Structures are given as C-alpha cells and as structure tokens.
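After this come two complexes, each holding chain A, first together with chain B and then together with chain C.
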Partner chain A sequence: MGYKATQDPRTDVRERAYLPELLKGLGITARHFFRNLFGTRDTNTQVVDRKGTSLITTVEYPDEKIPYPPGYRGLHRLVPREDGKPRCVACYMCATICPAQCIYIEAGEYEVEAKEGESRVIEKFPTQFVIDELRCIVCGLCVEACPKDAIRMDTYEHTKPEYNRQGFVYDIPKLLKGPAVSHPSDPWNKREGSEQPHHVHKEAHTRIGEGLVQLKTPHAVGKGHEPKQIGPGHAPSERAVK
Partner chain B sequence: MSENDTQKPTGDAQPNPPKPPAPAGGPPKPPPPKNPGFVTCTIDGREVVVKPGTNMIEAAASVGVEIPFYCYHPRLSVAANCRVCLIEASNAPKLVPACQTALAEGQVVKTCTPKVKEQQRAVMEFLLLNHPVDCAICDQAGECKLQDYYMKYDYRPSRLEGGKVLKNKRKVLGPRVVLDQERCILCTRCVRFMNEIPKEPQLGVFGRGSHERIDVFPGSELDSNYSLNTVDICPVGALLSRDFRFRARAWFLSATPSVCTGCSRGCNIYADWMSQDTYRYRPRENEEINKSWMCDQGRLSYKYLNLNRVLSASVGRRATQAPNTATPALTRVEAAKAAAQALKPLAGSAQLAVLASPLCSNEDLLAGLSFAKGTLGVKEVYVGGRPQGAADHYLMTADKNPNRKGLELIAKGLGLTLKPFEELAPALHNGRVKALYALGTEVPGDAEAFAQAAARAEVFVAQAITESPLDAQATVLLPASAHIEDEGSFVQQDGLLQRFRKAYPSKGDAAPHWRWVAEISKALGGATWSSAREVFRELAPQVAEFASFNWEQASPPDRERPGINPLPTGADGRPPGYREFGTPRVRGI
Partner chain C sequence: MAAETDIAPVIATRRDEAMGFFQRMVSKGLGWARKYSLFTYPFATACCGMEFMSVAASRYDIARFGAEFPRFSPRQADMLMVVGTINLKQAPILKRVYEQMCEPKWVVSFGVCASSGGFYDNYAVLQGIDRIIPVDVYIPGCPPRPEQVLDGLMLLQEKIGRQVHRVADKGEPNPTAAQHHLLASMNK
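On to the complex of A and B.
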C-alpha cells in the first residue's frame, strides 16, 4: 500500500537537471567518508540504537563479531551435569534420528561398585560420543530427539575451520562444554543410588501429612477445604473444592 | 448380528436331543457341538472352530484378532495376573481373562467393546503407575510390550501425583542376568519359567503390595544354564542380559534365522547382527528341538563369530617367522593357487591326510570331502572339532560340534573312513603323514600340543575361522567364513537336517570352506561350484539321507509371523541393515 513502482524515467525538473542529484550523491559519499575517517564504532550498542559519531557500519570482522540471532543452530555441545559429566545416557536417539548419520555412540556401564555417587543412579553412559561436523547438516533433529536435554546447539558459534578432516570429528572432550544443566526431574535429584532407598518406603497416601505429597482429591480434609454444602437441586461438582 | 448367528444353532438343537430325560428344574443342557469334537464359537463376529480347552488368546490369534497379554506364555502355566487380556464373553457376567478361559460351545466373545477398551486402558495405567519410564537407558526399548501396548491401548499421560515407588534398579541376579525391579510388572513369567522348564526354582516373588518384587532366594543366585531365557520372555526391560546390556539398541539390529553352533542339539535361533558383527542369539521356535528355549552357553557361543578371526590368507609358517613380518597381500585366487601347488604333488599319496571339522556345514563338508576323495585321492579323514564338554539335563549336549552327524553321513555316503583325531598326532610324529589339509582348525585335544605335531608336516594347508596356535603352523592359511556368513545346513544329533541363512558378508578376506575348495579344485582342474546351493544340489545325491531334503524349501522364513514380538529389524522405518557393512562410517575412529 502506498508505494507505487514506476518505470517512467521522466521525473521532475531537478532530477532531470542532473547536477543537484550528482551533488547530493557526492554529499552522501562525503558524509560516509568523513564518518569513517573521524567517527567511532560503539560495539556495545545495537546498530539501530547508535547515535552521534558512533555510526560506522563496517564490522572489523576478526576483531569484532556480530552475534548470531537467538535460536541460531550452532555447533553442538554436550550439556554437562553439575558434576561435570555429560548428561548423555547413550540412548542413541540422536544417532537414530540423524538423517546424515553423523553421530557415533558407544555405551558403557558404570561398575556396580563405582564410587561415583550420582553416576550410579543412571548406570549407562557414553564411552564414545562422536559427531562428524563435516557430515552434519545442522538440522537440529538430534536436539529435538534428545530425551535428556543432553545435546544442544546453543553455542552460537559455527564449526571452526580446521586443517584436516580429522579435526572436524568432535569427541566428548571437545563437545562437553558450556553451563551445566540440572532439572528437578533428573534421576540423580530424586535418589541417592540405583539401589533401593534405605528409608522405609511409604505408600503415597501415608505421606500426605509430611508435605511430600498433596493429593488433589475433592475430599482432601483440612481447614478451609470442607466439602461445600450442596443445596437441593444442584448436581455435585467434582472440582467444587479445588 | 453375530450373536444371532451363533444363537441359531443352539435354538435349533434344543429340541433335537431327546435321549436323556431332562430332569425337571435342573439347569438347561448344553447344546450339542456344532462341529463334533471341536468347540465352535464367535470371536468379534468371526466364527472359530478350535479344539476343546483352547484358550481365547490362541483362538483369537487364529482368526487374526489380537488380544493383548503380558503374563501369558503358551509354553508356561497360566497365571492370569496381568489382567490386560480381560475380554467380554457372552456366558460371563464380568470380563474374563482370555488367557485362562477355555472357549465354550456357542460362546460369543467380544474383544473391542468400549468396556474392554476401558479395561485395557485402565490396566495399562496401573501397570505404568510405578514404572520408571527410563526407556532412554532401557535395553528393551524397541521390543518392549509396555511401549507397544501403551501406544495402542493407553496413550495418555499418567495421573500419578507424588513420587513413584523406588526399588533396586540394578540387582545382579547371577552371572548372566541383571534385574531392574522398578521396571518389573510382576507378570511372574520368569518365576514360572524357572520352575517349569529347567525345573530349577531359583526365582521368587517377595514382599507384598507395592513392595512386591522378583528376586532370587536369599543366599542363592540365578546361575541356571537357562537363565537367559527369562530375559527373552520378560515382556518389559526388567530382566536383562549382562552380556548384551548396553551394547546395541534393538532397532539397529537385523535378525537372521540360523542354527546355534554351541552343541550338537542344533537349537533354532535368530542371530541379531549389525554391520558384520553378531550381537546376540535368540531362540527361534521349533517344536521338535528346542521349543522356545535355548541354553546360556549356546547363546553366548556367538562370540567366536566376531573375535580372533583369521582375516587374510598367508603363505608360510607364521610360527617360524619373526613377529610382525610383513606378509604380501594375497588375492583369493593367488592363495588358492598356492594351496593347490602345495597339494598337487601329494595327490594320491598316503602321506596326505585330511582333517575335517564337524563345525563345517554340510555343503562345506560335501565339497571338501568329495574334493579330498576325488582330486586328492584320500581314503581316510580325521575328525577334528571342538572338545567334548559337559551336558546338562535339558537341551545342552556333551558334543560341542553342530554337525558331527552330518560329517558321519557324508563320509559314509562318499565311502570315506573316519578316523579319530587321536591317531593323527602320532602319525604326524612318526612321519606316516607328511601333509595335512584341514577344513577347520578346531581340534578336540590340546591345540598347542597338536601344533607341535603339525609343525612336523611338510605341507599344512589350513582353512581356519579362528586364530589358534595351529593356524600359525599352516604353510598356507586360508581364512574361512563362519556359518553366519554363508547359507548352508547342519545335521543335528538326532538326524534332523536344518538350514540356516546368510546374515552378512564374510569378514575380511574370508570365504566359505566350499568356496576355497572350489578355488583349489579349479586350480587343480577339478570340479568347481559357485554357491552353497549348487554344492548341495550336485553332491548331496551321493548321501542317501540327504535325498529327501529340499534345500530351498527348508530355508527358514526371514521374519516371524506377525505378532506381539516383532523382529528387531528396520524398526525405525529404514530397511534392515541400512547401516552398511564394515566399520562405522564416522571418520577417524
């Protein structure tokens, strides 16, 4: 709406006179010339927010890099746990979904007597986790397939150049980086080890008073939770007491 | 409508039998059977005629109606404790367990009414209530009935509030089996199996309510030779094989019907493999031999297919060479020519002996022995093979060679004399035998001692599967394929001839025994064959016992009938074995 493109070269007299437009164009060139000569580049501010003299648009690339936009699928990383081990449990979901078949995993098992504390909750771990970044097509399906939030592409950097193909084969030491991630649902946040917990197990209904479990039943007894008095003619609502 | 159809014969038949005078006030007499000697009833509108006593699951399966079940197993006693097979029957007021209930005449069974569907969904919800949904680290994922039935009958989130019951996630039950008590749904299949099939009651159910768990009896362990069958029949990932655990995901494996080579019983198996490696054996149903079971020793006997294989041909005794001597790479034809040149001057002489291993298939032996008889002029064959071992009370036999019977039959058919292995070493020592041609280098005695004897032979042409001290003494060593890498047949100890199929191409430069024989024979101007099928077709007529064997038709089908337990093949939608043969293709590993 509003803009009408035209192929008609005949415009107004000023443009047809040639000289004013020429000078105008020279003025723009001169402005950029002097701006680049005397101006500065404020790298801490977004381009659109820059004012005054810090309006140089040229990016001095090796010294200054434009950050990739949010959601950019960059180089993979294996997400570490709090204890520094990868969250990965070698379930092969990423290797299965990978359309380029660039992920190679070998699974191992922690020894029964391993003194590794949390590691014993999940006894499976990757002994090898290798991504061939040359083969990778950066589709991000591995990130979506991962049930453990163990592989992410949130590094916001692309694959670095290497001198040989071997350098593009990333293994666990190269992939394991970035901030550690922990979820309340992680098994090692729920139990001490893979054996049966030492405390006596109680059924859910016996644990109500301990604050561990809150049953959302309509008849949960407590102050302020008495069942509503139902008048005649009203069907009892299931969620009345919620 | 279907109900009317089945009610009609009962209505017609009611006035017909006047023989017993109906007692007044008694219950109505059952109608006479529509098909005498059989029970006729209707399942989901389809008429079924089955033998009396057949349960509803089997009857429904025969007309293509699938009733879900966990605890039922056709070869075990019925427990009816998983409750997922409850269905509606016309003569019962409530839902009845299909695994436990025999069909009655004129009964109308419905398996997909809303009532049944709600029951199945509710049972699934209960079974999954305390199940730790840790499919990511569960080896059963991909062949788990909980996964299958959840997708089919439940498919909704859990409504459990609060924590799940925590149990022992890694209870090592024995040398070969590990149990995850959290994943267990307490179908007691394993307990019933141990009680009923090997009759070694080592497992039990302990505790009550939410504390209930499968375990071994205190102070004992699950060390039966049949313990790994409990892993097979476990419908969930509770019982797992310690050998296979975490080594491969089920959906990457392809399965090939084959025969176990652990002993002379010849149990039918599926060999699960991926890219030229065999990962496990699973029993394949065969009513005559192994039912649905196999022993642990046979199951773990797959390892020789992967490890310590002879992968390239070599000329010259490696035992006398300095270690790491560079040997020139030989093509198959060059290696066969070297073997032919070594054997040619000895053809027809009494100094040449043939050592045949009962580990070879019938085709290997047919080709090898007819070559030995016809071209080499040998009259006597020494029998090698693995040493005798222990037998057990059920399936495992003492003879650890899968094809001794076949070797005997073929030698008889070809008119060759079989001589015991013990006579070969003295013959080598006193110089009566100066040249040896070995089809397979497994020896029943001490391999080191026999290697010393073989060192005295001037010519020792060996076709070997596995590296051994004996192979190092071979003047010409030819790498041979294992049975999984080619098709063929074995004769098990009771004389049953069984075919097995090819899973993957031979490792390295290995070739089947019969192909090496064909190459050597070709170099000497003898007969030659291009496939195992051709070997059998041309040479089997000399063996009377093989006359009635149809080699092609006896080939086992490469997939199970459609059912509950699918083959782990192409489960991700890709064709089986899509991961190409050879090492994984990520570079630099």
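On to the complex of A and C.
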C-alpha cells in the first residue's frame, strides 16, 4: 500500500535513461546562445514589430539611442518670436501652476519708444526666466498653462545630470532655443490692416494631430497622418456645413 | 554665468596631491578598476526605485557599465545611490548608512526628490540629501529616464577616473566629501 515506485508515468525507456533529455535541454540552451551571439538585434520599442533573430534587446545607450516616444516631456525650452526674443509675456501662468514651484520669473515692461516690430503691441517681457530643473517634476502643466505657446517641452532630450546643483539653474540664454514661431492669433499678426486675409486660427492640438507641426521624432505620430498644406484660401471649406 | 564658474574643477595644489610617475600610473589603474566595478547600494525609498529597476534590467543594462551587483549592505558597497524621497525621519538612517560605508565611496542622488526635495517642499521632506551627505552626481528627473541615469553614471565614472587614488590611503576622504565638510562647517 502507499506509494508504488511504478507510479512513474514516464515509462519510455529513452526518457528514463536521463541523458538524452539532458542533451535536449542543453541543445535548447545552445541554440539560444548562438542565436543571441550571431543573430541580428532589433531594438524596436514595439515588441510585435521586432524583426531580429537575436532575443536580446539591449539598447547600448551612449552608442545607440532610441528615439523618445512622441509627447515625451523632457527639457523645457522657451520659444522665440520672429525677432529672436522669447514669446513669453511674463504672465506667470506657468509659475503659478507649477506644482514644484520651480519657475521664477521677473517681469519687465517695454519702453514706449523702444517698441518696434512685434514688441509694439506687447507690454511685458521676462527680464528673468529661471527654471530649476532639479525641482522640476516634468509634469508638463506649464506647457498646458501657457497662453502664448512660449514654453514647450518638445526638445526630446533629457536634462543632463551634473556634478553640482548650480548647473541645473536654467535661465533665458540656456532655455531659448528652436525656430521662431508665429501663430495667426498673435496680436502683432492681427492688427496689420483690414486688407490682410483673415487667417484661420487652428488650435494647437489639432495642428499637432494632423501633422502640421513637425515633431522631432524620426517616426511619424501615427499612420496616415501626412502633413496637409492649408492656406488661407481654404478657410471657407473648413467651415463648410455652416 | 553662475553655472560655469561654479562647476570649474577645484585646482589641487597641495603638496600631498603631487605624485610621481609610478604613483600616477597606479592612480590611473586604480581609478580605472574602481570606476568599472562599482558596487551599488540602491537606497531606494520611492517611485524612483522603479526606474532603477528598469535601468538594471536588460533593456538599459547597467551591467554594461560594470555596476551590476547591488550590494544591500553598506559594508560591501562603494556607491550609495539614493533613489527616492528622503524624509526627515529617514535622514539619520541615511547618514548612518553612509557612515558605515568604507572609503572610497561615492554618492549619486537619483531623481529630483533626493537631489533637492523635488516638489515635496514641505516640513517632512529633507530638501536634498546634500544637506547631510556629500553628493558626487545629481541626476534630475521625476523619475529619471534610464538614459539620464546612465549619463549620470558615466559622469561619475569620469569623476572617479580623474581622482587621486593611492595604494596606502591615509584616510583622507575624497574631494567631494572634503568640500562638503568644509561647507557644512562654514554654515554653522
């Protein structure tokens, strides 16, 4: 009664000889070993799209870098206007909403005589705009809060580590980068004269989704999103039904 | 700009820092060995611990840099990686752990909470571990991207390679610790 030795279901002689199964397992290990050693490695973020034979997907960081996903929030940048000054009007919306209170702004006023070009219809500008990147929690609320599209986190690069804390204090010269941006809704664009055609104001989120804003990632935002060219003449067709 | 002048390297002109040719070769060799075989103590307290795990996992392998084995005992570790928020209650514990480590030791503060308190600017959180221990590299981010962590690790490796390493150390702490103690004593 009790346990019988012949309860063993492996009645196959080959299995009970033990060594053939051992070698079979070693064969699986060796196959993976040579596959990883000599196969091609594909570091695609989408697992289903990987085509390499090697199962290793290590991204060897400083030598190879994978592009950050679209919408990645990295290092901030101040967006310049056509004349090179930051678009920021020192309204303090970003500084107010920042949960970490890492943005420090000091506002200055343009002198009436010195206003030329785009500055003639703007009253304030930041004399100091400092972000402490070591407090920043990269939430992106400052980008959402800004009414002037003056601050963005679309640099697609991360804040670099430093040896001491002073290196993380980013002021205007360190933050102001990128091509000049001008929106149809900007005050200096609207007040030219009545002869100017009425620009269709498109909200930023629609522009990005339709591929009208060139993202810096190498791959497209999504399939089928080709950048469309929309000129002012197409304006009535956009509001076709009305 | 304040940033550049503050990160200028401290010029060591003391006679103790002077080394002969063979001592210099030994120092470089020891520097090479120490920087490529860091034993990390991941002092993980909060969410940054998840990113530490992802750096240590196979996709952004920290083993490629030699820092593979975490040593959860301060006696066996040479790099203290403070990962996550440090409360005022946890601060004496952190200091005790740091003091239990043997020279040579380095500290990396991982994430904004450890580096500066992050967005927990309140009565319960230590506003940066450099208030109690000397920090060699600050890694920003909430949480830091694995690429950021690897950048910070490479910065630390460069720093270790540049330091003076002696075979018979007279017990002098590394320059970062010396500067930290100096500043701390000045603030009293």
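We take it that the second predicted complex is superposed on the first by the 129 of 242 C-alpha atoms of A that agree within 3 Å, B and C clash if a C-alpha of one lies under 4 Å from a C-alpha of the other, contacts with A are read in each partner's own complex, and residues count from 1 in each chain.
Heads up, the rule we're going with is that a contact is a pair of C-beta atoms (placed from the backbone, for glycine too) under 8 Å apart; a residue touches a chain by one contact, two chains touch by 3 or more.
Nothing here was measured: the structure is a model prediction, and the numbers come from that model.
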Does the superposition put A:R165 against chain B (first), chain C (second), both, or neither? both
Touch check for A:K148: first (chain B), second (chain C), both, or neither? first
Looking at the overlay, does A:C136 come into contact with chain B only (first), chain C only (second), both, or neither? second
Using the touch definition from the top, say if A:T40 reaches chain B (first), chain C (second), both or neither. neither
So, does A:P62 touch the first partner chain B, the second partner chain C, both, or neither? second
With both complexes superposed on chain A, which partner does A:T29 reach: first (chain B), second (chain C), both or neither? neither
Touching A:N189, do we find chain B (first), chain C (second), both, or neither? neither
Check whether A:T96 is in contact with chain B, with chain C, with both or with neither, and answer first, second, both or neither. first
Going through chain A, the residues touched by chain B and also by chain C turn out to be 101-102, 132, 134-135, 165-166, 169
Considering the complex alone, what residue numbers of chain C touch chain A? 1-3, 6-7, 58-61, 64, 112, 115-119, 121, 128, 130, 136-142, 144-148, 150-152, 154-155, 159
Over in the complex, which chain B residues touch chain A? Could you list them? 132, 134-137, 141, 161-163, 165-172, 181, 209-211, 245-247, 249, 251-252, 572, 579, 584-589
Counting only contacts in the complex, chain A reaches chain B at residues 89-93, 96, 101-104, 107-109, 112, 121-124, 128, 130, 132, 134-135, 147-148, 165-166, 169, 187, 190-191, 194-197, 201, 203-204, 207, 212-216
Per the touch rule above, chain A residues touching chain C in the complex are 56-62, 65, 68, 74, 99-102, 132-139, 158-169, 171, 173-174
